[in-house]
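The same chain A turns up in both complexes below, where it pairs with chain B and then with chain C.
This part shows the complex of A and B:
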């Protein structure tokens, strides 16, 4: 015989308990009310997301199937002609190559430098708040302003770096270096300023991740006999994995879409050697070829969406791992 | 030899002295408990032994070696942390094997040592799981296992049971005691729970304000508290204190007054408080010093009004107002007591404790003193 632990009627009466039991699987009125409230709260955001995100995305794909024209004026349906053109367009491929290289190199640099800075800022030493504030500094400068400042500093006529070299007698006023005029130097410099600019964000994310690791774990590692680098490799970095992946994906997405940082620094020059997909899209819009620019934008979008899916899957995994 | 010796140990954080002049010798194979309220310095002492905290002053020896400046990994100690401090990204096996891997111990030996510890702690089925897939009790056992596999000279345990529920705490307490009996390694155990201290420790150090209040076996601390702090801290429920209790002598009998009532002191007790006749002392009575009134003789009863009764099945705790003071008595469940009733409590006067009101030091712990 199975014992029953439900309160008796006498107990219900004496304690003021009431309410009938719900059949299994059915949500009660409280749960339904919470659901309705959740939908009501989410609706404005969903509408805004549709208007500002989904609608432009769908329109871009639609325009990618049109030829020529500006904002839908004087366009005609062209099927996949733009995509075929893209496939045979060397400028598209060189821009894609630059975009991918820019992403790989700058994001790698940002991840390494940002993590190193975060580890340093997480250490206990007097005045570390100064370092923590300094880490944020590059991130606080607007991207275009940042690029313009750097472009001035590398200007071949009156730039800071040439001036320093002149003072050090490494060069003369007649032999100043045209930093932004050479393909290699312009490319390397753009990588450097992109790393400098965005390692702050990585450092900030990693610092937050580091602070969520309890001190006791490090102490356990010390008692277990781990050296600093053993602790870093075997304890800290594995524990930072979710944070590092999030930082990595966010940075990849942003770097694939980079525009202002390059536009204000080299504007794709010399020639088109530093032109990425963002700049190519912009130049095609400026040329009045809205259809073709939308085709390139669609490619960027597909690349980005692929990373977003990866990002969401990682977030879900790390949430379930916790 | 794995005795631990602390000589004039001090710890200062800035100008604040949190541990003051600790002198302590922990014997080889002994289970020593550091107990005291929050902020008494017990964890700081343990961390100094572990090498996780610098020693401001004094000398610390493990075995015969001065270890003040020796890093934790070279002290041959293992530590069990309050929040387990397991590596969340490693499996139970990897957690237990980590220190051995770092020391370059061959894979086969590691597997054997982990298997032995896992069997001892009944962790065999969980070796492939991550810590988040374990219950609190299992995690605690993994933390113990991680310490055991190292085969250290000294085990250090920092409130290892504080995150467990009451039932599991009692179980794990017994497990740790069994483990100690089996391994016989020197163990320093920190807790704020006097029950843990009393049930586990070979000896107990009671700390307050960074100073050792008393060191002794559990029974010594219970029977002979050195001062009012130890008397109040050791024993559950706590000892009842009656401040401003006057010692008087009339017709050759020495009495202590509790409000308008009095208790007669046995002769040998009276001898010990001779210097305090006519003066006030603090009287201490443990809840278990009260008896059924039928057993009591004249001058060994206190009358009051029942405030609250807590029924525990095997006994009842009676809170009563006695001459204005609240008294907690542990009485037999057959005693019929209800809130508002008048009650007469018998007092085992040979279980009385008397404290100097100025220094708070014990003047006598009568029961044992007589024995």
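This part shows the complex of A and C:
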């Protein structure tokens, strides 16, 4: 049947349609025409990728070598001056530290809790769909909305949590807890909200991974007398490895670029103790300093690209391992 | 809504005569593309080759591919030429209807309907001469700011009239985005307004705008408690803290849990309140390009705010998260005898449905140190003209209309906004509608403006973080302000 249609590469290779008559390395006119058509069809996508991905990235790096001006106008070439300034800027280092700690702690929490939730949701019990839907709720609400609601709940004066504690006689109206005003409490709350927010995404990915594991393998494990934890450790988790790695990398990338979750919750306060790199970039752009904000953005970009390389390498490896 | 008084077109008296000659020139200038367009298609122009090849094409049979490719070229050509053709049409039509000038006015959303009513009235009065199109901007100031910056960066003549925050005139004037209005106003004209309203648009000696309506930091107090504890309203920091102490001790059983409420959240209001404490001690922060935030008076002002929370404990321990709305909620509960807040708090604080202290709320100028005057920090919105506008004279006519006594009276009466004109704020008929206007005249007269900086954000961002850091007890006032000095000192 296929011979009646324009032959695909596989068909040509298997039938020797083009390769046999031509010297190696050369393609027939049909193949060349197909190639041209393929490129023509790819052009819109490539243009879009360039315009929306590559061009902004290149512009950011270009701006990072500029200084002066206002709102990106009338800037002048400054070499690596912005990078030197970055190196001596305590606020950059504290923001970087917050970003990295935020990433490590929240991603670990999301991975552990998300996987546990997925295992729970994968078990067979009546009303399972309710749980599956509930898992998705935090992810379905926009992040900024989440953060504003949480900030109200932890409000010093009329927040839900202080109100509950007052009713339980743990505190009095005169000794309400200043949740968002203390460095430690604000930081811990940001971690908790970030974990609560994104563990549902991890759960969703892992649940999909779990459903791709055939029942036969579990049956074989049961026949061999494996306990639940042995099955989990020796069967489920190794088979979930590619899924877990994808979830892990996606979460790391997104956590490094976090902005709205913190912006709408503490806006980096008290002082600058919950300010991450995303907030720092935003405040520098608001100040009209495109050069310096682009320098910080370039650092975030390099960190992210490093993770993407790691992600792609791992994916290729796990694909070839199969 | 539209009063008879406002219907009289007295605005012509201030309005400049429309520059007919200038208009003609603008029309001629704008028609240039049309002329050059004709030249391009003349036989001597470089574009002629294309038309000949088109003729050649017609001789050859038209294949499907050829049809498609020619279609694409025609499409691209039409798209590229479209704006030219349209602008040419626009030019000829505006030339034909010379006299009607369309203005675009960018201003924030107004839920009272007053702004639209004012624009409609203006359009009625100037029917056939000037038509204003009011484009509603988002309510969030930073979103509006971005809209303006985008319009200015593209050097667009639209909007002609801009409605901007009091901290923006310098930010927009220094890059050359706002037109000076000095030739439209004289000293006499400016005496119609509160002093700070007339100077808030002054940048490097030139005037770029006049304030339309005002806001100011005020000292709110409980009249009943002040009466009970001595009867004299404290005006100095020492007297204030002493009375707050007394009231907190004496009224603890009556729900008074704290003494003095002031904003401490990491927002603009904390910088404003720090400035008020500084101005009230006779200090200032210098001039653009030579700012000083770490002198002794500056440090003392911040130390005073810090000590209210952590030493005398006259302010709530969670002050570092309190915004003006939170302060109002506490004040309405009767939790504090004193509060620093914006003017918006007056009406809800005196609303018997929402406030336990309704009827017992007074306002005064900000506190100061002994021997000095208190000054509230001003806020509000300013009217200015886009430097790229082709219709600056008509734009001024519209601004003059918005600033006139009758329009301002309507604005205060119908939208509750505080006019920048003392004759409106002190007008008995306005005061009959908005009673607290009788108390704020002197407060508005003592207002101080924030420094006119091109990059106000670059000043306020690190200041907010530093002040909030001190109010969170993370660092000393001296360390915080010394740290910020190097960042903000040279900001112009």
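The working rule: the second predicted complex is superposed on the first by the 278 of 322 C-alpha atoms of A that agree within 3 Å, B and C clash if a C-alpha of one lies under 4 Å from a C-alpha of the other, contacts with A are read in each partner's own complex, and residues count from 1 in each chain.
To be clear about the criterion, contacts are C-beta pairs under 8 Å (C-beta built on N, C-alpha and C of every residue); 3 or more make two chains touch, one makes a residue touch a chain.
Since the model is a prediction, treat every value here as computed from it, not as a measurement.
**Q** Quick one: name whichever of chain B and chain C touches more residues of chain A.
**A** Counting contacted residues of chain A, the larger count belongs to C.
**Q** For chain A, which residues are in contact with chain C within the complex?
**A** The contact residues of chain A facing chain C are 70-71, 73, 155-158, 173-174, 176, 178, 180-183, 267-273, 275, 283, 286-289.
**Q** What does chain B use to touch chain A in their complex?
**A** So the residues of chain B touching chain A come out as 50-52, 71-73, 77-79, 81-83, 85-89, 98-99, 102-103, 132, 146, 150.
**Q** Mind listing the chain C positions that touch chain A in their complex?
**A** Chain C reaches chain A through residues 142, 149, 153, 174-175, 257, 265-266, 316-318, 320-322, 326, 329-330, 454-455, 457-458, 461, 465-466, 468-469, 472, 474-475.
**Q** Give every residue of chain A touching chain B within the complex, in rising order.
**A** On the chain A side, the touching residues are 214, 216-217, 219-226, 230, 234-235, 238-239, 241, 321-322.
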